[in-house]
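Scroll down for the structure; my scribbles are underneath it.
When the chains are written out, they are named A, B and C in that same order, and each has its own residue count from 1.
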């Protein structure tokens, strides 16, 4: 035990030392590592390593921190992670803006990529004619029976992501569209639950209406999003809409970046590169595909992507140096 | 109360049920009727807690801290600075262990700075070849126990290295190597305090329960704010989770030390310290060792949860693999976790069992033989790694470190296995699943939700009164009252319905299985090993096949809960029955009772207190898994806890919800524990 | 363990109890304050207390072996635990070597136990995780004696109690008798002055018990300790005791030599208790001899006045004439005729039974 206490004391002391001795010049980037979160989906991880690789090429130290998506929004506020590289509008905007409101998180710009997150069906559902008329939402009126599950009470089931993603949007939408007599919403616990359901439904050849997004690894096996009435600002109940308007579909979503508020001060160059950085949908798709389709490891995929796309990311990294003078 | 009512518990329960059903029939749903649902008087509690915790985390006692990185002074709350200092020491130790094996520069940074590293590229500790680490571990295993343990260690190491899980495994190991000893030490210390003072015991007991039953997710946000994300935070959460059962078992063990032994120690003139470490704890060794085993198991069962707050290693890799439905990879990782658990467990037990040999020949070479061998392994390993770098020029070096997710893989095989399971069982299970949901679960849930609040109180408090007495009934009532006054009563009812189902079924499974296996030494060992496996094998892995087979339904949640919650019931039953003194068994046999009679009338009553400890844990485990069921998709308290994390007032809501869950656990604990103690007294087992 | 004060304290009792009480229960103190002298067990029970030891006073002098007897639950163990302070007496004073035991702090108490006291327990109280040697060496190691010396001494002790060859066994691998030998060896390892034995042999079968008693007597003849020995076996008490204390419900009913207890029971309880005791096993020649009459014609053989009748009865009965009784210096101090012996042994008892 004595030894442990000693170690602990040594550790605390050492960290104290590190704090004292770490004096960085304000203009150059600090040599303290930039902490990049690793979450649990492929594109995010590859992008983490791509961005990390870019930072490293600029001479920065980088550290990867695995962290739960929900937890990351708290962690970034206190600086335990430095950046958020992939904030999806539909599933994460609540957490993102809440964290910003609480302080500590700053907006670091938006990717060029547009995302779509919506209820949809795997293609075989349409091919087998389980619900003629899809992808128009009107078709749902007559085919709910094919989507019933033992616990849905005879109604068709929409499998929505966890409640933390969009709260009551989907239950409201069902009511708004007048589908609530024949349909019900079930919240899945997480993304793996969604993908498992997709797989199971495919094996059994039964229909399923499920929340999904693109770009995603499920794109490869074919997925069709349902077309709902067009989205406009304020159509949803939470945004001041009414029961009549809340049946609207999802907007084309943004994909944002965020950073710890000290990041621009500690790593001005890296921050500027990060805020300029912007990936397009195909670029993100190609990152994910290297892992999901080509079965590479995330690190290797990032290396390959960086090597293949120097013209894409080099300008972000170098333009900074020019402007920094 | 008329005396004939007092006489028979059966009659009492009869009366209770009649009253319960009458209340159910008489009171219909109505928002304004307080007999139906209590008003949410406590709905402000989450916000109060929120303000309190946030105040503590962000405002209380601000001190000026200079931040050199931005060359500014910053106001930081004292409390957080303290917790952060604890974090730093933890992460320093974890990193030191990790980098010793895997290489790196953070430990050097701790003594210098990042700038220093940047300017001195040589300042990196190199990774040890896996052969060296495994070789050393084998020597350790040999020294502690002998050839078998060395062999087991070797096989485990080989598996881990060859399957490309070396780095994540060592990352996981490095934080277990810190978390487990700290838990053991803390558990011992608290257990001893509780043994010495009744007041401490009374104070600790509910805290331990809360720590065990409060879902991790509910205090994730405060933990992140206070301790940060990373291995240190994960280690802390793990310690919080693993310590309680250690405390319990230490206390149990100490209480069971025969008075003669205690007296003998005192008459030998032991001081308090000697008494503790040379008499009490060694004599209570059996229970202490079970505690150590539990700590190891629980630490490893936390690897996945730990990954949510930044533990590097197997847990986070597992989550990533599962998220793209790579079950085969997930399984391989799961097996790594189990292997580490088994080796770690065996080593700690062997270490604790080690005897001093006074007659050993202590010549230099003999005494330092193991060190010499280890040095030889180091040299040999490095040479091999060098040779490897020539042989495997093209590919990566099998003799140094097989990179993560490369190397061998059996993933396709497992994937095929999952397909096979699906093909074989799906249609059989489908009808069963439908029957279970429509015939049992949905009616059960509806029945729970249709209970007027007074009826629930009557039933629970009545049961507590009959089994455990008035005091327990009042305490249990207090717990329920908190939940009933919160906004979460209906959600809590759903949690209760799932937990009840899980506890009853896993209790039956566990006790039956345990009792059956306890009859035979080999079966006992096998079932305990299986328990270890189930407890450490990450439930997230079998969640996926389970979801495939049973869909996103309560069935899946419950099956996952059963797999986990049956473990303590089984384990404690086996252990309890196995430790019934042979004299009593013989006495029974001589009275001419049959094997079954002996089990029922002698062994089970004697082992009852121990079994009840297991049931108590089963309740905790079941609650925990039902809450984790939120990851499959539930509509109970767990789902709200998940949701709370990203909400502005989430801290308070999360903690309040967590407390609600813990109170359910505490209520059950109160009844079971008091009842068990009463039985114990009645049986004269003390 | 000779202390400087030896000469001065020669006559002083090694153990001295003055009105010792041990009452279990919450109201113990108030019960004690209201009581003058003995506490009535029924009153105590009414107050929710159990009386373990009730107003006990006695002294034990150096080298004396006092046996405490009584039925189960009579408070023997409790008294012993009070004197060793394993439990704190509720009231009264206890002196060990003139030092007030009850005022000692835990450190002093520890010292006393380490140097002066040894104890043997009914259920052995062996440490299950230690071998025979380690168990015996334990009190020494606790004192801080290094491993080598303590193990060496333990080896000797093991030999003394006849455990050679089993030094590395664990308690669970030993028979009951062997385990108790370990307990005895352990209690003697520190060479205590005072030796407490709480029913040390009652868990053993009769044959082993006899063997252990012999062993015990042999040890005592070598070691000559001050001993408190608890038993509820009268035969055992008679074989060993210098004096016997008989307890009932926490009270010492009588404390006297074996002979006096048998010949002259102080209370009805003691009389009943000793009724079945064979006289020849208790009485010494001294107790029954006639005064020496120099005119009488004496037989050739002589017996020691300290001899137990049972041992020499056959000798005496074979003689027609009276047998001379001699003291330690071979001086004749009395005489004994066979008819008298027969009378003492059998006549007396039949009288009692009639009366």
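We adopt the following convention: a residue touches a chain if its C-beta (ideal position, glycine included) is under 8 Å from a C-beta of that chain, and two chains touch if they have at least 3 such contacts.
Given the structure is predicted, the values throughout are model-derived calculations rather than measurements.
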Touch-based graph of the chains, sorted into line, ring, star, complete or other: line
Chain pair, B-C or A-B, that carries the greater number of C-beta contacts: A-B
Closest chain to global C-alpha mean, per-chain Cα centroids: B
Distance between the centres, which are taken as Cα means, of chain C and chain A, whole angstrom: 84
Separation of mean Cα positions, chain C and chain B [Å, integer]: 54
CA centroid of chain A to CA centroid of chain B, Å: 30
Chain B - residues contacting chain A, complex: 67-71, 85, 88-93, 96, 109-115, 117-118, 181-182, 185, 220-221, 224-225, 228-230, 307-312, 315-316, 319-320, 322-325, 403-406, 422, 426, 433-434, 437-438, 441-442, 540, 543-544, 547-549, 551-554, 629-635, 639-640, 642-643, 645-648, 650
Residues of chain C touching chain B in the complex: 81, 84, 86, 110-111, 113-115, 117-119, 121-131, 133, 138-139, 142-143, 147, 151, 168, 183, 186-187, 190, 196
Residue ranges of chain A in contact with chain B within the complex: 1, 4, 7-12, 14-15, 17-24, 26, 30-33, 38, 40-42, 45, 59, 61, 65-68, 70-75, 77-78, 80-81, 92, 94-95, 98-99, 101-102, 149-151, 153, 159, 162-164, 167, 186-193, 195-197, 199-200, 203-204, 217, 262, 265-266, 291-292, 297-299
Touching residues on chain B, where the partner in the complex is chain C: 258, 260-271, 274, 278-279, 282-283, 285, 355, 358-359
